[in-house]
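Here the chain labels run A, B, C and D in written order, and each chain numbers its own residues starting at 1.
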Amino acid sequence: MEKNMDKEFIAKRVAKELKDGDVVNLGIGLPTLVANYIPEGVEITLHSENGFVGIGPAPKEGEEDPYLVNAGGQYVTIKPGGAFFDSAFSFLIVRGGHVDVTVLGALEVDEEGNLANWMVPGKMVPGMGGAMDLVTGAKKVIVAMNHTAKGAPKILKKCRLPLTAVKCVNLIITEMGVIEVTDKGLVLKEIAPGLTVEDVQNATEAQLIISDDLKVMEV
Amino acid sequence: MKKNKVISVKEAVDMIHDGMTIMIGGFLGCKNPTKLIDAMVEKGVKDLTLIANDTSFPDIGIGKLIVNKQVKKLIASHIGTNKETGNQMNAGELEVELVPQGTLAERIRAGGAGLGGILTPTGIGTVVQEGKTIINVDGKDYLLEKPLRAEIALIVGSVVDKSGNIKYKKATRNFNPLMATAADIVIVEADEIVEVGEIDPDDVMTPGLFVDYIVSGR
Amino acid sequence: MKKNKVISVKEAVDMIHDGMTIMIGGFLGCKNPTKLIDAMVEKGVKDLTLIANDTSFPDIGIGKLIVNKQVKKLIASHIGTNKETGNQMNAGELEVELVPQGTLAERIRAGGAGLGGILTPTGIGTVVQEGKTIINVDGKDYLLEKPLRAEIALIVGSVVDKSGNIKYKKATRNFNPLMATAADIVIVEADEIVEVGEIDPDDVMTPGLFVDYIVSGR
Amino acid sequence: MEKNMDKEFIAKRVAKELKDGDVVNLGIGLPTLVANYIPEGVEITLHSENGFVGIGPAPKEGEEDPYLVNAGGQYVTIKPGGAFFDSAFSFLIVRGGHVDVTVLGALEVDEEGNLANWMVPGKMVPGMGGAMDLVTGAKKVIVAMNHTAKGAPKILKKCRLPLTAVKCVNLIITEMGVIEVTDKGLVLKEIAPGLTVEDVQNATEAQLIISDDLKVMEV
């Protein structure tokens, strides 16, 4: 699959994890795409960590409101029933466990559910922004990412980059499969069409436990 | 409280001196107090310790203070949108303390609320915990995060009455109401200045008692 | 979030059982959720742990729960306006934990915010510090005060939309927005119920995501 | 002086301590009277710990608003320029040092400025309400009270009742005089008309230091 098709495929699969009524925070990049694929009949509330819930679609050209941007600084809208608040309250929502699902990218994830997604020492140090609070506080943390980076596995035995948080990831969704983080390790629960378990394991440094009930990934 | 706190941008910036610790409100350039910042750039005040969520973009709001090398130390949650911040950090010209966004908000709030600190699970097991006290409460580890205060806070307000009562509109609230509580001198750059009594007491988000001076952002 | 959270007072009180920990909003009887409380009195649910600012007056709001001996343990800042509370406490029938009002507010907020506790100077050198950890931060002593949470919070809202967004009017805000964040189930007694979208997003003081059920206070 | 005249006298003298622009919290009882005697040209903002600033005069009969009571549960009004907030914010104001002056009664005060005003074990246990936060957080703490209770001194060498806070009182104003709490002890700065220093000392358990600049109390 091509990169862009991968992204779409991953985003669609993530969207299926969301339940009616969920409060959801979507990270910048791939995770943002998830909003485009919310299943029929499911209504979710999107949290924007700069200070509101109820993110709506992008505004039409010429209707951008300088008072209304998302946490990435892009112009957005707010849906009826949304609410604005300050940064302390925004992270009361996050840290207090009032966000049902957060979806974000990763540089590395490991067998224990440790996550590294905020810096590469000496290279990229953008800061953690709200990520550390989100993965610590959200009820469910879904990592949505490409399975490998330039051919190198991103799902490792042990993260090597500085962590975002320890034992925080619940589910990993890539273009190759769906992996659940359990006390026993990483369980491959779904596999992308056309791939074998060996394909996935070969692209993964961590040892995968294969679910007795392994399914084909559907989006 | 003074009855009319409105001053000129020049009078405001006259209070800002080299080496001061300054908080600046806004989020990724969304409603930084740009008139005050531009005047700071013009004045060339330097060696500042800056507390802000981020350093915006190189040519917008707070970003200019970085590009102009007026900041000695930065406390922020995110610097990825302003390459110059990273460059100065890597070159050893700028000291940067990166703080998780929720912790940054809570530390500023604690500074305003007279709390000695807060205990947060965020950052446990990461580089954020380096040098900090870990406190176990009922079986779970938390980081003791200390309060933050500044000598001056520069914030924005959408509607501000002459006694300093502020209403923020939409996503412009962010760190502004917190910073208003946590500095010795608070200066608000107002989109609109109205008479006392024009803001419904239910709609006031920062009571005027926190605000020392008002400048017009128009 | 459910799209319409409105239920009957009976359905609400069916969720409240003997031995539960319950937070109740209001201040000295000013806008306690009286319909819910009256129904609790009628149901006779007992052995409650009650978290509230005060116990109101004997014949008003929360006061009735005390007079009717439905409370086993009380966490409050002030009980002086309801003699029955003091009588039951002195008789050993009611366990009372007195908490400074600002600490009570901050402990509930910490419970909602996922903080492991807060450090406050309030209570240092008094009986309030008994059994608590004292933590010195930069040369000053603070009490470590732990978060408070409840199984159910019963709060009031002046204007509530059907998704649970709440606007409080005037002095009725008090502990309600804090309690809304710190309980497993949050039930709001609404003075007025409106359609989703009728409250300006700037005016929402408790977002609907915190509210599980709404009953009419009319 | 009679009790009520005492109260009025004390309240008037306390009012002279307030400066234009001060944010002030007045306790229940005698301290509340202070609001009636604010000097001409001085505008203060009254804080009500249940959640607002800008307490106005009592409403006219028939115009009481059930949504608007003070921390004593009495109907009040709010002035233009006032603001409502929740209890956490109300005590952020208090604890954070944003109240310039708090005026409250006492059962006992001592030489170190320790204060006891919230309970008499076995007798009166109303709870501390907001008092502990107020005396800990306010920039200036003024105790306004009758000098003695049933003839017994209330200004002691060391408080015997459970404390409200340690070393928190700045100024004591009674019907007999004005006493400042200093590092060296209690300094009598003003004395009520017609009284001698001995009169005041005899009604005081703590040793008073007499100010070099002792003045007659004027209201």
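Just so we're on the same page, contacts are C-beta pairs under 8 Å (C-beta built on N, C-alpha and C of every residue); 3 or more make two chains touch, one makes a residue touch a chain.
Every value quoted in this text rests on a predicted model; they were computed, and no experiment measured them.
Minimum number of contact steps separating chain B from chain D: 1. By the document's definition of touch, common neighbours of chain A and chain B comprise C.
Across C-D and A-C, it is C-D that has more C-beta pairs touching. Between the Cα centres of chain C and chain D there is a gap of 29 Å. Chain geometry summary: the mean Cα position of chain B and that of chain C are 32 Å apart.
We define each chain's centre as the mean of its Cα atoms; on that basis chain A and chain D are separated by 55 Å.
Mean C-alpha position of chain A lies 35 Å from that of chain C.
Shown for chain C are the residues that touch two or more other chains, namely 106, 109, 113-115, 120-121, 168-170, 201-202. Residue numbers of chain D whose C-beta contacts span two or more other chains: 52, 78, 84-85, 91, 94-95, 136-137. Pairs of chains in mutual contact: A-B, A-C, B-C, B-D, C-D. Those residues of chain D that touch chain B in the complex are listed here as 21, 23, 43, 45, 52-54, 78, 80-85, 91-98, 136-137. Residue ranges on chain B touching chain C, taken from their complex, read 106, 110, 113-121, 135, 137-138, 140, 142, 144, 146, 167-170, 201-203.
Interface residues of chain B, counted against chain A in their complex, comprise 27-31, 53-54, 76-81, 86, 89-90, 98, 100-106, 108-109, 120-128, 158, 168-178, 205.
Against chain B, in their complex, chain A makes its touches with residues 48-52, 65-69, 71-73, 78, 84-88, 90-91, 94-95, 114, 122, 124-133, 136-137, 162-166.
Chain C contributes residues 1-3, 109, 112-115, 161, 163, 165, 181-182, 196-197, 201-202, 204, 207-210 to its touches with chain A in the complex.
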